[in-house]
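Lettered A, B and C in written order, each chain numbered from 1.
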Amino acid sequence: MAKEVEIPAAESKFVIECLRQNLRLDSRKFDEFRSVEIELGDDYGDVTVTMGKTKVHCRISCTITQPYEDRPFEGLFFISTETSPMAGPQFENGNNTGEDEVLCSRIIEKAVRRSGALDVEGLCIVAGSKCWAVRADVHFLNCDGGFIDASCIAVMVGLLHFKKPDVSVSGEQVTIHPVDEREPVPLGVLHVPICVSFSFFNPEDAEENIKGESNSEICIIDATLKEELLRDGTLTVTLNKNREVVQVSKAGGLPMDALTLMECCHKAYKITEAITDQINNVLKADATARNQYAAILSSENARES
Amino acid sequence: MTESLELRPITFHPDVLARIAPELSMQRHLSLGLRPSLRSFEEFRNVEISDGGLSFASNADIDRKGNNILGSNVLKCGKTMVVTSITGGIVEENISGSRVDDESTESSNRADRLSRFAQVHPVVEVERGRVGAPTDEEMTLSQRLRDCVLHSGLIPKKALDVAVGIRSTDSEGISSILYPDEEENTISSGLKSRRKWSYVLYAKIQVFSRDGPLFEICWNSLIYALKTTQLPRAFVDERTADLKIPVSMRGRSATFRETFDIICDASKFQPLVLNEENVAFASNFAIIDVDPETELPKDEDEMQVDQGGSVLLADIQGEAEEASVFSTISIISSDAGRLKHFKVIGGGLNASMEHLKKSLNLAKLRASDLSAKSSSGDR
Amino acid sequence: MISAQTGVLDQVDGSCKLQCGETTVICSVTGPIEPKARQELPSQLALEVVVRPCKGVPNTREKLLEDQIRGVVTPVLAKYLYPRQLCQICFQILESGEPEDEYNVKELNSCINAAYLALIDSGVALQSSFSSVCVSVLGSNNEILVNPTQEQLIKSDSTHILALEVGSGGKKIQNVLLIESNGDFTEEIMFNVLSRAEKACVEVALELRKAVEDKIKRDFIWKQ
């Protein structure tokens, strides 16, 4: 039986009292996202995302398979988020039936797969008979809250970075070209959803839940593990750079003011924008580093102006 | 007046002692120059094999219809009985870029060793009187068997290629099946060149009354079963060979060209061609320290069998041996002495060079013994 | 050849990220902790080994790796010190560095070495040091390659892994923990491999010892 993490009463009081005084343990502001560190591996589609102490690794891979019979024009896309005791003793190996684990994998599924972030039609090779199956394996390495936000970033960076081997189809014959023979091709990513999680605290009595003018509810962005364990309610919104809301998840907990939702979305949009830019910069830097001989090998002539 | 107290040593029946103190029982036996199974140190158990008459090709009397077993073996070793049945399927292979070139150039410049060899997919079931998820032992056994078949190069990949025939019906309504390798003239089959199919082999290995480590017994049974394996010929019907299915969905339409049915011909079959020089058999050994402390008091004039040190035991059997042995050696060797697999689990003991050499020699002898069995067997 | 960092994770008692050639693994050790009822051993420390693959879900291949690692680690742990307790060792393969459905030697090799450093980082008592090395034999003149690259590995005729228990500050070989060889080879090749691998194993042990020294220097905070 995996042990739940327990926080001593004194510490939990301290954390809440700090929040009441507008302070967080890691000296962040309430609406400040932890700085995100994105590390790309040698292979395509190998990403490690670090947010504070939270660390998530994502690996994209692909194989050729047969499409579903009722969707002959589409390829397959899976996301797997399995926990292991590596992230902390509260996780059990191969057991993902816990409430948090299910919620986490559901939200990522909704944010990335069901929002159509990956163009599955582009994965089709021969309609009805052959297609690519892309899988994203998310590995939680270290848990300090914000798994949803970090894994979403990791999966998206992975998909943007990944390249699948080129195939050529002539009639019925499908030929797969190994990576060393032909330049592999990137996946079709249609938009980049970014998840931002909000945590709500109600430092007063439960009666305070009846909202009024004097409501002293606290709302913070990107909670750490301790804050996550103490929070009374949570909200995850997923946006992309086009100002579209991809997904909103508010699974029970503390009721919130309807107008706060708008406010949260506004805050989340700023974060989304910043992270999307960061992702693009990281990918661009990686592409140039990989392709340092491109300028020499290119047969293009510089355009005279 | 004091009451006299009598101390008497407790004695146990050998069976009871083996159960409650396996290590002590083991050491007592060793000090007598015997093992709990009453075999001597380097003596193997006898192995009885038969093909069990399970496969569709083994016996014409069996109703061939619905029998999908391609090869089989029943192996008895001591109390343990292993039943292996080989089944198969046909899958389409993906053609990768470098394979488009001619076959001849392909084989010469492919240095990738394992791409020349095929594997089987074994599932080991150790019967323990109830059903349930496979145990760790079963899973590791299956995986080890798979790895060893692949790495030993037992089955050349070519042996599993399917030469697909075509069944055609002429104007009189008589259908005949033509195979590309039988009648070279008739079909220049466009079908064959475009797509490539191959057999996959599955092996179901059932173990009854487990009595010691199983890997070696399962391996030997698998090898015997593969030797009896016959692959059925397969063909497609001419009419379905050029099947087109129009599909339209959400405004798009396409035509699938699919050959859906590859039919197996139960009356015609060919033996599975193995790389004979890579056929090898497995044996296991244990190294155990003889503890002089546990020796029973001996008569003055009796010779001491062993003065401490460690001994090599062949063919581990029984609870007492399994429980008290931590260092094991497992060898797959051909009768010519080519090694295919060698595994030493050190435990806490120092596996000395002499022991390794001795075990390799014994493994080789055992392999030639076992391979003689299969050729002289029930053919 | 080997680069390792310890203490990379902070929710577990010991951790190590180890890179050996093209293979990268991360290992975590938690223990001694309370075991599940069915894991508990009345007189000894129970050991749980979990290997998670880089791609896909864990299957029988990972079970075999777990079994091999357990065979190496079990005799080295001072199990009698922690009766009725559990030690959990988790591996996450970050980069496999070999074709996964055909080989597992490079992963196994890195896992064993990572487990050693992570166990030291966790403070779970060990009876001795251990190290492992992966060797392949290539070509007609039986060239022996230590820690082969992926390209060399797929061309080789046989692959071998050797894990040794090393004592006296990494100078003396005490015991063989695991030898596993696959492929096509002869007795002679194997003994050549073993003597070459033995030397390489001692070198690895010294390298790991260096990593431990650095770690202790860094972790020892009560300096003057």
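Here, contacts are C-beta pairs under 8 Å (C-beta built on N, C-alpha and C of every residue); 3 or more make two chains touch, one makes a residue touch a chain.
Composition by chain, UniProt nomenclature: A = Exosome complex component RRP45; B = Ribosomal RNA-processing protein 43; C = KLTH0F11924p.
In this text the structure is predicted, and so the values were computed from the model without any measurement.
Here C is the chain whose Cα centre lies closest to the centre of all protein Cα atoms. Taking B-C and A-C together, the chain pair joined by more C-beta contacts is B-C. Centroid distances built from C-alpha atoms place B farthest away from chain A. The distance from the centre of chain A to the centre of chain B, each centre being the mean of the chain's C-alpha atoms, comes to 44 Å. If each chain is reduced to the centroid of its CA atoms, chain B and chain C (KLTH0F11924p) end up 28 Å from each other. Centre-to-centre spacing of chain A and chain C (KLTH0F11924p) amounts to 32 Å, using the average Cα coordinate of each chain. Residue positions of chain C (KLTH0F11924p) touching 2 or more other chains: none.
Contacts from chain A toward chain B in the complex involve residues 64, 72-73, 126-129, 171-178, 181-182.
Of all residues in chain C (KLTH0F11924p), those touching chain B in their complex are 60-61, 63-64, 66-67, 71, 75, 102, 104, 154-159, 163, 165, 174-187, 190-191. For chain B in complex with chain A, the touching residues are 94-98, 100, 194-195, 245, 247, 249, 252, 254, 256-258.
Put simply, chain B touches chain C (KLTH0F11924p) in their complex at residues 111-114, 136, 139-140, 142-144, 146-148, 150-153, 278, 326, 337-351, 353, 357, 360. Listing the residues of chain A that touch chain C (KLTH0F11924p) in their complex gives 1, 3, 41-43, 46, 48, 53, 55, 57, 59, 61, 80, 82, 84-89, 93-94, 135, 137, 139, 141-144.
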